[in-house]
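Across the two complexes that follow, chain A remains constant while its partner is chain B and subsequently chain C.
Now for the complex of A and B:
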């Protein structure tokens, strides 16, 4: 991989460069209080782009898989029906995307493009998307209480799947290219060659940052093993279900959840559109069959489905990627505190108790 | 009574409460965010006590569940007060300093008896005692109840407030009464005087002094007679005296619990409706004014914790659609009034002049952080997280004695069960807005497809007694009517009670008869309906 350095004051010039090249650039901003969000960069808001800030709860997933997306339009005219697929393929760059979300988009890539069926809507959007990763180095701003990328092995610095990676070294930033598109950006006069000292500093900062994670979700890998073996006790899932309020928040903020539903709706006389909408396994209607049978009616059945889908080796092997990237958003938004870190903890406690019991 | 028409504390303070009592309301379904605050408090070590006839998600996390018979809430709280008094756990310094009518209250408390109340409530006496002792001994304790219409038992609310005063659990972080509002901005609507007998800021319409203040400010006369309640208007047009109705974002044809709104509106000479959508009610309107919605206008909402929140405009409304306040202003101007507001912020400034507890809540202040909690005054611009934190005027609070009623609704041989009408998760006031969201609509339709005739939750023990199986069609009879529905066996419902979510409107009318709608506790008998 090719690496370069640039001055701190020049970092946002990368945004300008991309905009000049015709990219619609998305970047993170501060809202009120703790709120942060991704938005399209304009001349007006460019100065307010944040390098270090809490990762927005609403994940950047929507730039490859919109929350609501039109798939096709059907019009009826004198008995003839015309069906017209609608694609979007904007030339777009996300500046400042975190390492966990890089892994999230990679997981979506594996799901939507890495298997026997390639999703053309996803593919068209993804093909034109450039990812500029920002390494989380500020323990106060970047690292939330809920973050556990170290356990999911996705951060704080991505190893791959980005086009360009930026890391704050203090007065300078290090830029690493992950693809030829990224390398092309490094050709700009903004960047200069680094030296051995830069690389040492980078390692020292990463070592330091790793010590700042508050929630290491130790046992994450053991939870993967237990889930894969199906050896988690029913009472553990029931305890998780007892705290789930079926709001679906965990799935709507998840950067790696892939589920959607499809619905047709009338948009004018003789005209319908087909849309796909993010869906959630927390909701009872998600698995309800047309005939009324619901294999996952009980809330704890729906909840354990979520954790099987994310952690079972069956899926990890099939996709060569895990559907949990350690961003901690589910833990931050869950009303009943049954996001991933808490559930791993519940699995650890119940299972160790059970192991103790079995061995006596 | 506390004298505050609102929740006294902030929701996040529940994390500081040592004991939390959730009275009757199914928080997980009605107010999931509050349910989350309660569950998280419990996980941090709070003792959680839940009362009510039906088990639900929050109950699964409770330390003590007092599953009382329907209608026995005030008896239950009265018995808890008796336990506290018997153990000498009253907070006498607090009572002496801040409360009135303690003697009158004690005179009624002695009439309560723990064992008899336990019998009448259908709850173990030890549990009632344990709950009362935990509440009284806690360093901080919160009581949560819903102000929703179906919980409209004023005796039980009085009894809860008495418990709170008896233990002095008010005026501290995490200690207070949470009178939960189930609708967005219901608190704000009440604050603004959207109550028949109140002016903005809760001054009584009948009060000459208060009225004259408003008249000075508004430079116009104000009728001294209070307005009338929606129930009165929509039941029989106030005995035929109402001829015109203006409905602001209200869809009574779909949502009103009482009367027959459609018939009433049909007989009116003029119906004006402001709403986001062409609702069922729009069919009866002579004029429909489509209004801007959340995100299309700058506007505030006041939440259940008195938090006045500013929602900014982020998109333009569709062409020709204006905010509701502009429509009202235009019509007032055409009628000759000189109402001039350039923006919603101007209206907020005027609110600050007539409702003193909003006087610091200008838009510039509200735009910071996540809004401000009233009282938000010029002296206290950051707002007030919990009420009565300092300088409580002497004897502010008043005990209201509640006479002992061993069963508010007594069953008998002919009608041995009590039917409770209530909500289910996606039946949000008959879903006027939910229908416009694809995902919520699916969730809403699923139970309707499963149970086109609605269902009645029944305890398996009762079901066995009446020879009823899950999914059987059953007939419920009351002394005013009868209806057919489907039995759904569930341990969530206590023995002796039936729970019916009212998503099929006819069911309610059939069982209550046309004149009696709005009652939510009905004596019934049940039998299997032969095919």
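Now for the complex of A and C:
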């Protein structure tokens, strides 16, 4: 690892550097209470950028896959129709994106750009996006009760898929590059060479931080195996379904959910725009066809769908990445406590019933 | 065929003429404004589908009833939602959007030398029409060709001119039935569900070296499958095309995904063997 270091007081100068290079920089801020959010950095709010804070619930996914994204504009004029795609490709950097969300964006990359059909809208935004990863090192601020990146193997420090990674070593920050874009930033005079002691300190801090995660055994591997084999009992899905309030919250906060719906809206006389909007498999209308037939009516079938899509080995093999990154947002927002960690545990518990030596 | 750079971008299509089929169902003959688009589109396979765009209303997936061997391109659409209703309001000369073709389609070449049995109910004949016309065009490539088709009433038989032609042509056995008829309707044909045609004294369905195409409402599908399995059909020799809510048609929006399969890219044509494994209602 070609480690570089910089002084603690200089860390926000990376933001300044990126802004000077023409990037629109997105960074995390405190809202009210424990609420946090990503926002565009301005001269005014630059001082309030947070290095350590609970990861915002509204995931940074929207910078590559906006909540509502315009796909095309169609104008009709004297019976003629002009169809015009609308692309946006802002030069953007996310400063302080967490390791789980790095994995989330990587999953979206695999899904939108790695399959037989490439999504040009996603690709254009993604190609202009620079990711500056901040390793979670502050047990009080960075690590939520729900975090389980340890189980999903995505954190607390990303191993790849970032452009630049920063880690708080105390008086100094350590910086490593993951891409040539990241290397180019490290060439700035802000950074100096790191040494063996920095690397040792990094390992020591990570070892310590790992001990602060409450959720380290979510039995992911067992859940993947059972889901892929189809050996999960119907009553387990029903129990999950009984607790689902069908709000769709889990899917809207998920950094790796990919589903969208498409809608046309009138924007002027004879002028419409077609937009895509995040959609959720938790909602009853997700599979309902015109005419009313809905092949997936029951709540538990829909919950089954979400967890099957995220855990089945078929998709993991196909995408070479898993659609759950261990950020814990679904667990934090779910009113019925059927976020991923709970469901994985329910699967594990239910399957022990099949074990003739364990059941009494 | 390589996918276009922008997979969501429809191309402009022009409506040529509209014909009435049955209540709420019309056939829309159309062509692409750009000749190159038309030429590329005409390479579709029976069983594939397209996304039809009505700007201001949205898009819907539509199966392709024409055979690629026919000159004209057309959709047969029932007005059920706002988007299909908007298509129904179009007049010849009006423009709309089309993109595709999408999906796998029926592997008609793999069926060379086999008997083809088509079983359809109601508007389930729409996607199968493509295969039937295709198979008749390459008649010498296939062994026996049978069509068993039923609708609720005589007024709801789709593609009546085609049906009459198939009933009387050599090289195809076509049997029709209706669930019921009222006293004012002229119908001297069979009355009963599609499966009742299998029991007619002059019906003989070969099982060996045969592919059965089944398309229709879920209830009909279940009963026909039961009959075919009882005749000794293997699940992999029964094929159907699934209908799902779709937004993109290219494996991204997630609506049509059942089990591990995206109906839009891995389907819509599946063998019954495969459908069983997907683990969801038809």
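Please note the rule applied: the second predicted complex is superposed on the first by the 353 of 360 C-alpha atoms of A that agree within 3 Å, B and C clash if a C-alpha of one lies under 4 Å from a C-alpha of the other, contacts with A are read in each partner's own complex, and residues count from 1 in each chain.
As a convention for this text, a contact is a pair of C-beta atoms (placed from the backbone, for glycine too) under 8 Å apart; a residue touches a chain by one contact, two chains touch by 3 or more.
Quick caveat, the model's predicted, so the values are computed rather than measured.
Annotation for the three-chain superposition on chain A: chain B and chain C fit side by side. In the superposition on chain A, contact is made by A:279 with both chain B and chain C. In the superposed model, A:246 lies in contact with chain B only, and not with chain C.
Legend: residue contacts after superposition of the two complexes on their common chain; A:6 is shown touching neither chain B nor chain C. In the superposed three-chain arrangement, the CA centre of chain A forms the vertex of an angle with the CA centres of chain B and chain C, and that angle is 80 degrees when rounded to a multiple of 10. Of the two partner chains, neither chain B nor chain C is touched by A:49.
Look at A:337: by the touch rule set out above, it reaches chain B but stays clear of chain C.
Applying the stated contact rule after C-alpha superposition, one finds that A:32 touches chain B and leaves chain C untouched.
By the touch criterion defined above, A:266 reaches chain C but does not reach chain B. Once the two structures are overlaid, the count of chain A residues touched is higher for C than for its counterpart among chain B and chain C. Using the contact criterion defined above for the overlaid structures, shared-chain residue A:295 touches chain C, although it does not reach chain B.
Taking the two complexes aligned on chain A, the least Cα distance separating chain B from chain C is 8 Å.
Residue overlap on chain A between the chain B contacts of one complex and the chain C contacts of the other covers 261, 263, 279, 288. Within the complex formed with chain C, the chain A residues making contact are 71-72, 74, 76, 79-81, 83, 85, 111-112, 115-121, 230, 258-264, 266, 272, 274, 276, 279, 281, 286-291, 293, 295-296, 301, 305, 308-309, 312, 314-315. Residue ranges of chain A in contact with chain B, taken from their complex: 32-33, 68, 242-247, 261, 263, 265, 275, 277, 279-280, 283-285, 288, 292, 299, 334-337.
If you check the complex, the residues on chain C that touch chain A are 3, 5-12, 55-60, 78, 80-81, 83-84, 93-97, 218, 243-245, 247-248, 250-255, 257-260, 265, 279-282. The touching residues of chain B, when paired with chain A in their complex, are 28, 32-33, 35-37, 39-40, 43, 57, 60-61, 367-370, 425, 438-439, 442-443, 445-446, 449-450.
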